[in-house]
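Worksheet for the structure shown next.
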C-alpha cells in the first residue's frame, strides 16, 4: 500500500504548498471560499456514519459486539486506502503525469466506496474471519470503482446518495457471498444469534447516527446550490416518514402490538437508502414522504417475511437483513430515480435547471429526460449485476479452506477472534460458605448440582 | 401528513431547480455564500441533540432504555413533520400562493419545535403509551407554534436559544400533563424506577452530546455576525460553570461526599438552558459564568429537594426531573433575558449594535430597552401559561381510557411495548442435572420453589 | 474564577455588539466570510473529542466507567475556564487595556489546553481523587500555557496538532505524577483493573470519535488554505495505516492469533498523535502512511512489552497506557516534524510556500529550514522536560495526605466517589417462597448459606 501510494498518490493543488503561488497566478484572493470549507463538515458526517453508524449498528448481537464494531473499523480503514487508489485510478488519474491527485472530496468518495463493503459485511456478520473480510473489501472496493465508473461516467447516471452504486451493489454483493457461503448447520450457533438488552441499546447509537447524518450522506458530493439543499431536505423528510411507518407496521405485525427493536434499528433508515438517487431531483416534499412511507413498509415486511423466506427456501443467511435495508430499498431507489428523471419537465425544473440537475453538458447535451430515465434504470441493473456476479465469484474464492473461518457452532462468537474479558459476575465471591464454591452464570446449574449431595 | 404536505409544502427558492435562473436574474454569483452552508453544520449539531442527546439522556432507567431512546425517536420524527406544517403556517406561509416554502432553516426550527414535546416526554417517561405520546406531540407542536408566534412575532421578544419558548413551555407542559395523570399507586413500579450501572453510562452519552452542542443550539438561528459568536461563547462558559457547581453541590449534599449520577447527567446542562434567551446579549463572559454558577446550584438543589417535595405535596411525578433541568432554569433564563435587555445601554452595545441585537426596526423602531425588558418578562409568562394550561387540557384528554397506558405496576417497563430479548443469563443452561430446569432472573424464586418438593 | 473573568476577559471585536460599527468603519460587507463560520465546525469536532472521545475511552474499566467519563467531564469543564485565562494571558492579552479578548479560536485553544491534563488523567485513572485531579488540571493547564508560549512563540516551532505541546507534554506529565504516586500494594485492586464486555464496547465509542475527528484536531488551528487541507489528509492516512498495523501486530503477538481490545482501542490512534506536528508539512501521502505504519507497530508493542516493563522495573503504573498512545508517539511526532522541516526544499514547497508553511516572517524571516528543524527538536525536548519536571513536582504536592485519595484496595472502584446503583439482578424477587429471601450476585453465596439450616 505504501509503495502504491508512493508511486501514484499526490496532493491536489489546493492541498499542495504550491497553492500560494497557484493562487497568485490565478488571482484567487481568498482561501475560505475554497470548496474544502464547505465539504469538510459533510465529510465528517459521512465519516461518522461509516465508523460509528455502521459500526454500532452491528453491535446488536449478544456476543459479537467486538466483531461488529471492530471488524467494521478494520474494513473501513483498509478499504478507504484501497479506495483512494482504485477510485483515483478511474476518476482523478492525470494521464500526463501518471499520478492521482487527492483532496478532501477524494476522502468523501473513499468513505462512500467503503460503504459498499461494509453493507456486504452486514450479511456476513458473525460467519466469516477477518482475513475473509479483507478479501471481501479488496474485491468489493475494486468492483465498486469499476461499476461506479460505468454507471456515473459511461452511462452518465446521477446517483448523489448512491442508491444504485452503494446500496444496491453493496447489498447484492453481500447477499451473493452469503449465498455461496451457506452453512447448513448454522443452527448450532443459534443461541448466539440474537441480542441482549444492552447490545440493542448500543445498536441504537448506530441507527441514530446513520439516521441523523443521512441528509449529509445524500448531499455530500452534489454540486453546490439548489441540488444540495434539496438532497438534504428530501432525505430528511423520507427518513422521518420511514420512522412512522416502521413503528406502525412493527406494532401491527405482532398480536401483542409490541415493537421489535430489529425493525426500529433498521427499517427506519430505508427512506434514506431509497432517496439516494432521487434526492437531488425535484421529487417534491410530499414525494419524499411517499417514498419514505412506502419503503418503511416494504423494509419492515422484509424483516418479517422475506428474510425468513430467503433463509428457508433460497438458503441465504443474512445476519443483519441487508436485503431489507440496502439491497431492496437501493434497487427501489434506483428505479424511483429513473421514474423521477423520466418525468422531469422544463416547467418544474426550468430549462437551465434541467441541464444543471442532470448535467446535460458536453457529449450528453442532447440527451432527453426519457433517455436519462432509461439510463438510470440501466444503471441500477448494472449495479445489481455487479453485486450478484462479483459476490458469487468472491464467495467461491472464500470457500477455499485457507481463510480460518469459524466453525458452525462458533459463529456469532467473539471468543474466536478476540480476547474477551471474563464477565464481572463470574468472579468468584470473596466469601465462601461450607466450601460452596459458587460460580454464577453458566455454572449456576452446576452449583445447584453440587449442593444436591447434601440433601 | 402526505396530503397536507402535498397541498401546502414547497421548496424555497434556494432549494428549487429554478435557482439557476433566479441566481442569474438576481446577479448572485456564488452558491457557497448561500446561507445553507453556514447553517447546515449547526443544524446537524441540533439534530444530534434532539435524537442522540435527548434520546440517550432518557435511557437511564434500568428497564426502559428501549422506550427512552425509541419513543424519543418516534416523537421527534413525527413532531418534525408536523412542525414543518405548523411553524410554516405561522412563519413562512405565502398568502399569495397559499404555500409554505421550506429550506434548511425550517429544518432547524422544526427540530426546535420538537424539543418542546421531548422535554415534556421527560416528565412522563415510563408512564404513558406511545399513542399518548403522539397526542402529546400533536398538541405540543401546535401549541408551540402558537406561543412562539405570540412571543417572537407579536411581543417581538428575542429568544435565540428558546429559554422561554422551548424550555419553560416544554417543561411546564410536561409537568401539567404529569400532574393531571397522577398515579397514586406508582410505588408498585418502584423497583424499576432507577438505573443500573450501564444504563447510567448510556445516559452520559446523551448528557455529553447535549452539553457539547448546546452552543450550537443557542446560536443556530441567531443572525450571522457578532450575536452568533456571543451566543456560542456565552453558552460555552455558562455550561462549564454549571459543571463545577453541580459537582460541588452534589458532593456536599451527601454525608459521604459521593457524587450522584442523576445530578451529573442533568444539572450540568442547566447553564445552557438558562442562557437560552440572554446568550446573544452583551451579558459579558463573567456574567455567563455567574448564570451557570447559580443555575447549577439551583438545578442540583431541585433534584435534591424540589422533586421529592413536588411528588409528596403536589402529587406531581416527574420521572426525569424536567422541572429542575428545563422548567425552572427556562423560566429563570427568560427573566435573566428580561433583566439583561432592560439593562442594555448604548455605551455597551453601540447605537447600531442595540438596534441590531434587539431588532428595533420597522414598527418596533421606537421601543426602548426598558420596554423590551418588560415584553421579555411578559413573553416568559406567556410561555409558562401556554405550558400549564395546554398541558392540563392535554392531560385531561389523555385520561380518557382509550390510549392503552400501562398499569401502575407495569410502569418503567419495556416489556409492555417492546419485544425485549431474554437476558443472556436467563438462557437455560445446556446441561440439566436432576431435571432441575434452572431459569434465572425473574424465575429464580420459582426455580427454587420447584426444587422444594425434592427436599 | 468569576472574579478573574470579570477583571480580565472581554469579547473580541467580532463577538462584541460594536461589530456593526466596526464593520462599517472597516468596510467589511459580509458577516459570513468571518473566520468563525469556518472554525466553528472544527471546534465542535475537537469538543467532541475532548468530552466524548477522551471520556468514553476511559470507561473501559469494569467498575470505573462513572469516574472515567465523569471526572473527564469535570476536568475538562474546569480546565477550559482556567485555560481561557492562562492562554489568554500569554497570547491575547492587550497590554494597553490589560484585558484578554476571546473568540471562537480561544475556545479551540482552551480545548487543546485541557487535552494535556486529560492525557495525564489517563495515567492516573482510578488511583486519585477528584480533588487531586483538580490540582493536576490547575497546574497542567498553567504549565501548558507556559511551555506552549516557549515552544510556539519564543522557539517559533510549528505544531498544528500538538504532538509536542499536547501529547508529549501531557503524556510525560501524567507519567511523572504516576511515578511519584507509585502504590506498591496496588495489586489489592487487581480484580477491578480490567474490563467487562460492555465496558469495552463503551470505550470503542471514545476510540471511534477520537479516530474520526483527529483530522479536525490536527487542522483546527492551522492557517486557512493548503496547510489545513494537507493536515486533514495526512492525518486521515496516518490513522488508517495505524489501524492495519495495530490489528496485524495485536493478532501476531498472541499464540492464538486473537485480537486484544486494548490495542484496538488505543494503538489505532497513534498515527494521529505522531502526525500532530508534521501534518501541515509536505510529508507526502505515502509519508503519512509510513508514519502511521510505524507508530501503529510501536504503540502496540508498547502495550505488549513497555507498559509491563515500566511497571515492573520503573515502578510506574500507567492505567491507560498513555506512554504508548501519547508520550512516545508524541515525542516521535515531534522529531518526525523536525526531520521533515529540516528536509524541506524550495522545489517541494515553492519559495512562497516555504515561507507560508513555516511562517518565516518578521524576525524569523532569515531562519533556514535546517535551523527550523533544530528548533523543532529543541521544542520537543522542552515539552518533555516540562512534562517530567512539572509532573514530578505536582506528584509531590499530591502526596501530601490531605486530598482524599482512595486506599490501595479501593482503586478502580466507583463506589468510593459515586452513588453506584445496585445491580438489577440484586433486586429481591417479588415473590418469596418458604422464607427463602433470594438475593442475587454478591449475596448468592449468602443466600445458599441461609438456606442450609433448613436441610
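Think of it as A, B and C in the order they're written, each chain with its own count starting at 1.
Heads up, the rule we're going with is that a contact is a pair of C-beta atoms (placed from the backbone, for glycine too) under 8 Å apart; a residue touches a chain by one contact, two chains touch by 3 or more.
Owing to the predicted nature of the structure, the values given are computational and were not obtained by experimental measurement.
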item	value
Shared interface numbering between chain C and chain B [over half = same, under half = different]	different
Cα superposition angle of chain A on its copy chain C, in degrees to the nearest 5	120
Between chain C and chain B, distance of the C-alpha-averaged centres to the nearest whole Å	31
Shared interface positions of chain A, touching two or more other chains	41, 63, 198, 205, 425, 455
Interface residues, chain B side, partner chain C - complex	33, 35, 38, 41-42, 45, 62-63, 191, 194-198, 200-201, 204-205, 208-209, 211-213, 216, 223-230, 232-233, 236-237, 239-241, 243-244, 247, 251, 254, 257-261, 264, 268, 282, 284-286, 289-290, 293, 348-350, 352-354, 356-357, 425, 441-442, 444-446, 448-449, 452, 455
In the complex with chain A, residue positions of chain B that touch it	1-3, 5-6, 9-11, 14-21, 23-24, 30-32, 34, 36-37, 40-41, 44, 47-48, 51-52, 55-56, 59, 63, 65-66, 69-70, 73-74, 77-78, 80-81, 102-104, 107, 130, 198-199, 202, 205, 416-421, 423-425, 427, 429, 431-434, 436, 438, 440, 451, 454-455
